[in-house]
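Below you'll find the structure I mean.
Note that the chains are named A, B, C, D, E and F in the order they appear, and that numbering of residues resets to 1 at the start of each chain.
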Amino acid sequence: MDTGEMYARGLARRKRMFGEAEVEKRMTASGELGTPLQNIINSYVYGDVWEREGLADPIRSLVMLGITAASNRTAEFRVHAKGALVNGCTKQQVQDVLLLVAMYCGVPAAIETTRIASEIFAEADGSSQA
Amino acid sequence: MDTGEMYARGLARRKRMFGEAEVEKRMTASGELGTPLQNIINSYVYGDVWEREGLADPIRSLVMLGITAASNRTAEFRVHAKGALVNGCTKQQVQDVLLLVAMYCGVPAAIETTRIASEIFAEADGSSQA
Amino acid sequence: MDTGEMYARGLARRKRMFGEAEVEKRMTASGELGTPLQNIINSYVYGDVWEREGLADPIRSLVMLGITAASNRTAEFRVHAKGALVNGCTKQQVQDVLLLVAMYCGVPAAIETTRIASEIFAEADGSSQA
Amino acid sequence: MDTGEMYARGLARRKRMFGEAEVEKRMTASGELGTPLQNIINSYVYGDVWEREGLADPIRSLVMLGITAASNRTAEFRVHAKGALVNGCTKQQVQDVLLLVAMYCGVPAAIETTRIASEIFAEADGSSQA
Amino acid sequence: MDTGEMYARGLARRKRMFGEAEVEKRMTASGELGTPLQNIINSYVYGDVWEREGLADPIRSLVMLGITAASNRTAEFRVHAKGALVNGCTKQQVQDVLLLVAMYCGVPAAIETTRIASEIFAEADGSSQA
Amino acid sequence: MDTGEMYARGLARRKRMFGEAEVEKRMTASGELGTPLQNIINSYVYGDVWEREGLADPIRSLVMLGITAASNRTAEFRVHAKGALVNGCTKQQVQDVLLLVAMYCGVPAAIETTRIASEIFAEADGSSQA
């Protein structure tokens, strides 16, 4: 496969999940220094691994919340909590993932990510009511 | 709720997922020193958090594979890879979880867990053909 | 034992250690999404594990500072640094725990937590002089 | 202070805690490549940080068990579990440290270290009865 | 660029660094389940990131030793310690990387990796004298 | 060797790499509580390990960027990104280190550190043009 094609389909998926403006912002946040990393993210992460057919998108999002919470990557957890909403995950599903995190990674890992998830759901509730 | 009830239902679930003999072995592996920890695992982990209704069992298992791989807990990953099979997860689903791990936690995290998962599936194929 | 009782005694202990207002704030910080996690913290963490009799409270607090510093959980370290003061730990004890962290987890783990501990002691000195 | 003195007192302390033969074995395990690291361990870790007066030895050992369990260093945990016994820590104290680890770092961190601690106590019971 | 080309040049580089037999073994170690991960390793890791021109190979190897030691991936550290030798890194360079690890990640991270590096150098000395 | 001498040469090196004002600020940031840790940093880290002759300074800086990024220590990464510039590392070298981090520790580890490195280079470009 051509990496240019992978890049295009990865970027398209990323924009569907996180919003065009948000993705543009992240893609330019580290300037020239960040360009090869953004290529990796678009082509290999979203253009290859996220395009695989073994997992439905909502399940992939729930796994992502577990992975990013478990590896103490709160900024990335925030990104994927938003993506989980777009992919149709429910509040109850996210809650149950974070209780697994509490038990298997310790309560501090769950406290911080639960606060972030709570903010994301509150924002989503706010904008859906507006 | 009574903690005795939680313990009983947690232990029952654990035995369904991992097999009676295997669970007995783990419960006595650390002797008297391990008793309160086994109580926590039976009552709080399996008797409470695993009994919640937000996630179907196969999804919970896939999330568990992501969590244990991401936190570099390979012995626990092995346990939950077996549980994932019992809960009906497919080879393709497990593969896709581990490719997320490769991208979000780095390839070494995926190499070791992919080897373990491959062994578990091979054992299962072997015994189902026997 | 009844989980309601565990919850009550855990919450009481938590308020003694961290102050009523502070605990109320944390208990509501993640809204409805955070309720089951707060149940776990009150019942299982403070109502069970912290109520055990193997360790005196100041020793348990010093171990907690080591654990939270070692696992890179600075927000939780801050919480338990305050609790350590309430439990009667001295500045010299905290300092010696953090020098173990420097040697066994690397100096960056100690730099950040030493700064936090220094802030907590300064606040405590300020309010005791007021 | 002279680093030679620090080295001598650190090495003496190390041998008191872990036994002369064991320390000799570790000091030569990595040959010439390991010499500067062994100097750091003898002089800075045991000759300086362990010689500080803020913590009694049994408390320092309990903190060490928390730190090494929390940072997923099981080989080092085993070393310090033996040292904890020499320093007079009880089975109940070690148990309570590991239940904090279960709650604050997740149950997998506690399962493995509880098994190791159980082995160490069993060996010690065996040799004290011989 | 075509991913097939990336795969080919990545695989070629991998075999130059780690030996043909060793790479074949790793590529088949996880069977069919491991195929997509091996594609990622050959194409994206060795075929893209290792082919960049910002770092000379010996420097890249030294950075890899720091990265794998710091992230507690000892199996991967062993692989890259062998690669470092092929890339011309000296014993003194590897030693100095591991002393940085001791200070910035804690001595346990350095003890285990120093032992592994010592074995690798001993094997290399043995075979070069044979 | 005398520890006073190690302290003096370590402090001198630290000031050359990070600037006199910056080092003074860090040395007093945690007051009296931080004094023994600063002694360790000056004497053992900079006065001993950084003074070793196995690695040229720019290579040591690149290894440090890998180590601090891999261990999720972003504040310390920022410090050493500045030091890397003083030691003559190029943008392309730093970029290539961070792409190794992306692949071996996961993209989230690289996203955050790439943003920090980009800020450091932008500040440096700004002040060199002023």
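We take it that a residue touches a chain if its C-beta (ideal position, glycine included) is under 8 Å from a C-beta of that chain, and two chains touch if they have at least 3 such contacts.
For clarity, every value in this text was computed on a predicted model and none was experimentally measured.
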Task: Would you mind reporting the rotation angle for the C-alpha fit of subunit D onto subunit E, rounded to the nearest 5 degrees?
output: 120
Task: Pick same or different for copies subunit C and subunit F, depending on whether their interface residues overlap by over half.
output: different
- prompt: Between B-F and A-B, which chain pair is linked by more C-beta pairs in contact?
  reply: A-B
Field: Inter-centroid spacing, subunit F versus subunit E (mean Cα positions, whole Å)
entry: 24
Field: For subunit A paired with subunit F, centre-to-centre distance based on mean C-alpha positions, whole Å
entry: 31
Centre-to-centre distance between subunit F and subunit D (centres being mean Cα positions), rounded to whole Å: 30
- line: The positions of subunit E in contact with two or more other chains are 36, 40, 44-45, 49, 52, 68, 71-73, 76, 95, 99, 102-109
Query: If you look only at subunit E, which of its residues touch subunit C in the complex?
result: 103-109
Statement: Touching subunit D in the complex, subunit B uses residues 29-31, 33-34, 36-37, 40-41, 45, 68, 71-73, 75-76
- prompt: Can you name the residues of subunit C that touch subunit F in the complex?
  reply: 72, 91, 94-95, 98-99, 102-103, 106-112, 114-115, 117-118, 121-122
In the complex with subunit F, residue positions of subunit E that touch it: 44-45, 49, 52-55, 59-60, 62-71, 73, 76, 90, 92-93, 95-97, 99-105
Message: Quick check on the complex: what are the subunit E residues that touch subunit A?
response: 1-3, 6, 36, 40, 44, 48-49, 52
